[in-house]
Amino acid sequence: MKDIKSLKIAYIGGGSRGWAWTLMRDLLLERELGGEVRLYDIDYEAAKINEDLGNKVDKIARYTDDSTWDPKTGYMDEIEDHERLTMNWRFKAYEGLEDALDNVDFVFISILPGTFDEMESDVHLPEKYGIYQPVGDSTGPGGIIRALRTIPIYEGFAKAIKKMCPDAWVINYTNPMTVCTKTLYKVFPEIKAFGCCHEVFGTQKLLCKVLKEVVGIKDVKRENLVTNVVGVNHFTWITKANYGEIDLFKPYAEFAETCLNGYKDGGDKNWANASFRTKEMVKLDLFKRYGAIAAAGDRHLAEFNPGYHYLRSPEQVREGWKFDLTTVASRKDELKKRLEQSDEMYRGEKRFDVWPTGEEGVQQMRALLGMGDMVTNVNIPNYGQIPNLPIGAVVETNAAFRHNSLEPVFAGDAPIGVRSLLLRIIDEQEMLVEAGLERNLEKAFKVFVSDPLVTIPMDDARKLFDEMIENTKKYLTMYDI
Amino acid sequence: MKDIKSLKIAYIGGGSRGWAWTLMRDLLLERELGGEVRLYDIDYEAAKINEDLGNKVDKIARYTDDSTWDPKTGYMDEIEDHERLTMNWRFKAYEGLEDALDNVDFVFISILPGTFDEMESDVHLPEKYGIYQPVGDSTGPGGIIRALRTIPIYEGFAKAIKKMCPDAWVINYTNPMTVCTKTLYKVFPEIKAFGCCHEVFGTQKLLCKVLKEVVGIKDVKRENLVTNVVGVNHFTWITKANYGEIDLFKPYAEFAETCLNGYKDGGDKNWANASFRTKEMVKLDLFKRYGAIAAAGDRHLAEFNPGYHYLRSPEQVREGWKFDLTTVASRKDELKKRLEQSDEMYRGEKRFDVWPTGEEGVQQMRALLGMGDMVTNVNIPNYGQIPNLPIGAVVETNAAFRHNSLEPVFAGDAPIGVRSLLLRIIDEQEMLVEAGLERNLEKAFKVFVSDPLVTIPMDDARKLFDEMIENTKKYLTMYDI
Amino acid sequence: MKDIKSLKIAYIGGGSRGWAWTLMRDLLLERELGGEVRLYDIDYEAAKINEDLGNKVDKIARYTDDSTWDPKTGYMDEIEDHERLTMNWRFKAYEGLEDALDNVDFVFISILPGTFDEMESDVHLPEKYGIYQPVGDSTGPGGIIRALRTIPIYEGFAKAIKKMCPDAWVINYTNPMTVCTKTLYKVFPEIKAFGCCHEVFGTQKLLCKVLKEVVGIKDVKRENLVTNVVGVNHFTWITKANYGEIDLFKPYAEFAETCLNGYKDGGDKNWANASFRTKEMVKLDLFKRYGAIAAAGDRHLAEFNPGYHYLRSPEQVREGWKFDLTTVASRKDELKKRLEQSDEMYRGEKRFDVWPTGEEGVQQMRALLGMGDMVTNVNIPNYGQIPNLPIGAVVETNAAFRHNSLEPVFAGDAPIGVRSLLLRIIDEQEMLVEAGLERNLEKAFKVFVSDPLVTIPMDDARKLFDEMIENTKKYLTMYDI
Amino acid sequence: MKDIKSLKIAYIGGGSRGWAWTLMRDLLLERELGGEVRLYDIDYEAAKINEDLGNKVDKIARYTDDSTWDPKTGYMDEIEDHERLTMNWRFKAYEGLEDALDNVDFVFISILPGTFDEMESDVHLPEKYGIYQPVGDSTGPGGIIRALRTIPIYEGFAKAIKKMCPDAWVINYTNPMTVCTKTLYKVFPEIKAFGCCHEVFGTQKLLCKVLKEVVGIKDVKRENLVTNVVGVNHFTWITKANYGEIDLFKPYAEFAETCLNGYKDGGDKNWANASFRTKEMVKLDLFKRYGAIAAAGDRHLAEFNPGYHYLRSPEQVREGWKFDLTTVASRKDELKKRLEQSDEMYRGEKRFDVWPTGEEGVQQMRALLGMGDMVTNVNIPNYGQIPNLPIGAVVETNAAFRHNSLEPVFAGDAPIGVRSLLLRIIDEQEMLVEAGLERNLEKAFKVFVSDPLVTIPMDDARKLFDEMIENTKKYLTMYDI
């Protein structure tokens, strides 16, 4: 059995000030586990800084009720004093990927494929053609080009994992989530990998809100609902939801009806989405269309539908659907801020705030180490858990985490109406992974031109595609351009 | 065994001057079969006229190489003289549906649900909202409203067939083909029905043209090609096509490439499509996108794709895709012409031209009577012949006709890329039949608003839908409007 | 939300001194739940006695390390003193089934269909024809005749549950387990029922033994293994088994090899199986044949295989396979003993021993009440959790118990070699339920004559069948005999 | 297009006096085709003799109404005089397999794996253990050992075909049919192969007899029935059978009932089965058990069922089931006779009788050459034509032969009861091909010991297996023995 005090964790993208810090926070609050965390990043300096922050955490960290985190959801309940921080972990930056992976127990991956300059091209260039993308990292023109950058990188990760730590559990956070996870499995079919995403949580919290506002039951946590999840990442659907005996579909229908005439503030205040507050109008509109609960943020959901539905123009987005198109400029600003914070912390001028993030990575690790079973939603290949979607496609459903074991819970069929939308994006993603692994940009263009956001003539689509490729070619050197 | 000289055939829509005449022509050229043909029509007078024409055919009919029919395709080879016309059939108009169906061996159905005035609303009203439909009888706003008129009528047919002739073979020609066939099976699951459509033939003829122009092999008839058909009516796909050892996909790809830069005249000259000559550009564009051969006329194919692809504006249709939006006015003109001809024939002033129409109804009858096996494409429920489409949905594939037996040929999976398009239309059709049988216009609106031609905001879609219903309410009295 | 202190539980078969006492024991040790337990039994007096015992439990019960229960497995760890018994439950006998079911939260069912006299016929009559059955309650001639008695009774239960408590969770313990559960679902498809059986636990304990003896790791509890279960009740198979990183298939193969040459004492000491100690030779032989771990007692497993494999003669059973054919006489003896104990307790001459029984019913109730998730094996219809077995057949796999929710964990395909054995028994059970619900003994005979224990000519089979029916006709009055 | 007068056919096993002569007969009566027939045989001398016979056929052949062929079935109708023999074929013996295959259009394969001495061991050695096999070439101990000899040979054929004539159509006649066909597809997945067997014809003829005796309709040919075929070779089932409007299941049930009390002579008089006349009792008994029409000779059918059903003892076979256990001695005798005839013909002392054999090989060739479509039963992999049997397993169903195209007709599910029997034999065959290709006798033994004819203890089974291997090791040199 593994010594849970001497675990070996590799973090690919270990210089990140986003997801890497999130994991560090949760690890520092976990009292039973310990070991080493290997931070690998193509920006080695960034990894060094995180190494430093991690190792002097006893000197610089503090608990917090950081304003981006809503204490009312109750995570903080039992955390009262400084002693709750554990010093069980040693952090170490690595220059080589294979060294970092050598014989580890867990691999976390969260990378930015390219830089925000490439993402700027992904997201904003299509606006020239009237194509608006609120996120642009999962699907649509932006998600497709980003996938082309990402697939060869993940091909490399899969090969390195196969060589250095074939038995490790691999947890992916990077977008495009489905494409990343699929690439790992395609290159190394025996990999023990899953993709992990908090988007469903936001909808579960919305259901708690519905429970409060429509049914009159307060203070229920999302973990206490029972939901059945069917779909692909960022286009996930809840097909059953109950709180004990209460079926949540009826009150949700009532809530949807009310909100779509007028609206109420709703939803998710998780850190990663904080500046992206939505009014959930897309979600409710989708419910009205299809009778199932779309379970991701509106900004994501909108991108999987025909462009003329939710993304006709910035005005329609803002006034009709009440959400914002996240600019890459704002992402750059936020990154700058986090880098400054990082520097201040590094120089000892600022505390490293620690709180329970609400992410599930550490809980999943615990379950995989045999410390309590867990049922939650993850992204893995479809073995049949959704019988009416293609076998092998990476799908998001509930799964049972047990000791060194991850098995999907049977999720049932995707509902009529929704299933063709899911099949479409699955085909897009399957063909995109093929295109990426074959380094075949023509095949990628076939995917591009059929994406529902690409509502422009084929010739224009060609021009746009070529320009987007050209713009980001620094990170596409593995293709023959 | 049935006495093939004393068959009983019911023709629902027996006053029609289109499909009814077509069947009459082929029956009059068939030498071995005979019996009675019962013509039922809500326009009894029209049925009477056809009765009269049919019964005095020996006096008024003549062979012809009618200009709408291309003698080069060779059907006429063996027909040389007047004696080839058989006088084996008695025609009789019926006022009551059940009387007409009583104990018959075959039922043919070709009706116009409503009149061309309703069709005018179906096809042209959506143009106010920028929605253009080249046919408007199968899908899109027009096809959906037409389906709502049709389903209750077909519910009645199914019940009458169940009561009066449960063992009869039922051959449907009416559009929306899939919805009609599905309704028959849903109301009377043991029915021996299939939907019959000549659209695939046109694409087979196009393949003959490719064979001639690209490969250099002339004078091949469409019947001599071997094709594998997968899909739903009017959105059918050929996934394998060969002429002996020659795989036709390669020359087709070459042909597509050439035509899409420049174009060539092509295709089908069947009577029903005569005024609708197309340049096959949509078909070739779909091939380029998905790598499979779309096998219906461009006017139909265009309607199953997002509106912005092929139906952005009349100009795009005409100049970009080289086909015409068929106006209902032109249909009315043509009908008027046929009625005039009918009158002239009735008064003995004009001959009733007879030639082999190229339709397969009579050949299928022969096969079902045990007079030679036949493999051709038909519309029946999916028992598994297309494994990756839903069981029970009405699909179009090849089937083996044998003595009193119709079994689908295993067709294989719908190809990646295409399968989600097929699943979408299948869901539309399945939900539409439910909506029609439940008389549920709200469910029908859900289908309407998700149709890919409905690229307008939901509020506008509602207005359009309501107006289209209002316009045609004379034929929607079974709904609660 | 349900008030967990005021639950309403119906126990059908509530006069039983076997499973009813087991549940009572576990309820009395459960500290958080409470409410009323309604004991319904066709033997109302027996139910009255259990009512009395249950209600005076504070006066008569005591903890025990009863000799049939092995303290080393550690369930007793935290139970130290008398105060651990809870007085949260009121027991009450009911004369009417519907009254007992009225609006309850949970229904437990454990009945004996007929008496041990009928079971004597089931088990021993076939011996005349050289057919030996170690249990005779699940399959084989005995199981089939028992099923015929049981199905109409369960039809009645299903109807009463539908009428009186359609939202209750229904937990079945009666054999033939699959047939009972299937009948419930067939009669009332929306029922929230599952069948519950401890047979897999014994094999899990055997795997713990293997872990100790082959790998050298001691003191692992069965709950700490991770197993994947595939099959039907009493013919269940473990297709994956690991203890953390250790794959248990390799050491199991080694263990099997050693035992099959020579043998070791093994297995399950659960009360219900105490007198039935086996040497696990059948289980190991099946592993050698098929490469998967059969997961039930040898006495059960033997009955699902051709008679000449494990049940050729009493000598072969005893000397070749090292297990005993349980006589119904011994069952009668044991019942007599339990009835005497019951009387002594009733008269206050004997204590009612209470200990944690190792059964999971109360834990499952807790999970369904939202008090902690649980993954364990149950019997429910196949929705696709075993893709290569028929949809709708009742199968045994893992399932996730959550708040008012039970969903199968995806189990994967039954392995090659084993799948046809499973399909055979599934067909037997499906047809048997049809035969029972249709009251069709001819259909039942078709099942009978194809059972693999029925290795006799068809004429003899007919005689045996008729005699077995005749012998038990007192409990087959619903059939036309 | 192929020149149908210059076809190239390779015949593997071309020295055979059985199937090779059969094909020669049908080719000599075929008026439109012609070309060269390459006779390859490991016994080159035998091939030379057939070459000689084939080439001088104009001198030595004559039409005949050979007594083994029943003229009443009417095949001979139009054959009246000597001129009907065509001299369109040149025959030539080849010493090298690859030379024979070089660029051919068709490959026929009918070989005897080993000699009748090996077959003697296959069939008769198991009798020592009370295991009786009426044929012993498809399943059971004999079929299994034969398969082990055959698989490596077919592996060689598949490789040679892949190299020399990858586009040829390959028609297999050798038993074990399923194993041979599966081996071809496993080694060369793109092969255009199918297995061809006349066993179903016999049952179709029996249905004609039923039509005559029960319904009173005479003189119907088997080709005029419509049957749906589901299963694996020699264990095929007819699940629908009609003659026009007449469903044949009802009269068949009546026939079965009558025959099973008393019996009537029935069935197949095809040359290959002539000396093996059966009374069809097994077939009728299987109908009574399962409600579907088993469609092969009783001698074959019996072998796929538990040994105690139909093969308990030679007496039971003879008196209870009215068929004979074919001895290999009788096969040797018959071979001797055919060799003598061959010599006489070679020396010009005897005529080579030619008649239409009733086999379909030449008709299938014609259909594949585009000379008329054909629907008949063949053995090919399951693509989904039988949805409830494993994909990829070689199954027997109807298929549509068209120009250079062979596609299965959708056959539907194997019926309940029968499907587990089919799945068992499929698993046996799949594992056997694996065992053969891996040269793994231990895996083969696992199959052997689970065969339903092997009703003996495992130790005895081991002894028998080892002895059968030892006996035939001359033809098992590719295994490590």
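Going in written order, the chains are labelled A, B, C and D, and every chain counts its residues from 1.
Convention: contacts are C-beta pairs under 8 Å (C-beta built on N, C-alpha and C of every residue); 3 or more make two chains touch, one makes a residue touch a chain.
A quick note: this is a predicted structure, and the numbers were derived from the prediction, not measured.
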Steps needed, at fewest, to go from chain B to chain C via touching chains:
2
Between A-B and B-D, the pair with more C-beta contacts:
B-D
Where centres are the averaged C-alpha coordinates, which chain has the largest centre distance to chain A?
D
If you average the CA atoms of chain B and of chain D, how many Å lie between those two points?
44
In whole angstrom, what separates the CA-based centres of chain A and chain B?
48
Which residues of chain A are in contact with two or more other chains?
none
Chains grouped in pairs wherever the two touch, ordered by label
A-B, A-C, B-D, C-D
Help me check something: in the complex, which residues belonging to chain D touch chain B?
1-2, 167, 224, 226, 228, 240, 242-245, 370, 373-375, 383-385, 387, 398, 400, 402-405, 407-410, 412
In the complex, chain D residues that touch chain C:
285, 289-290, 306, 308, 312, 320, 388, 390, 416-417, 419-421, 423-424, 426-427, 430-431, 446, 449-450, 452, 455-458
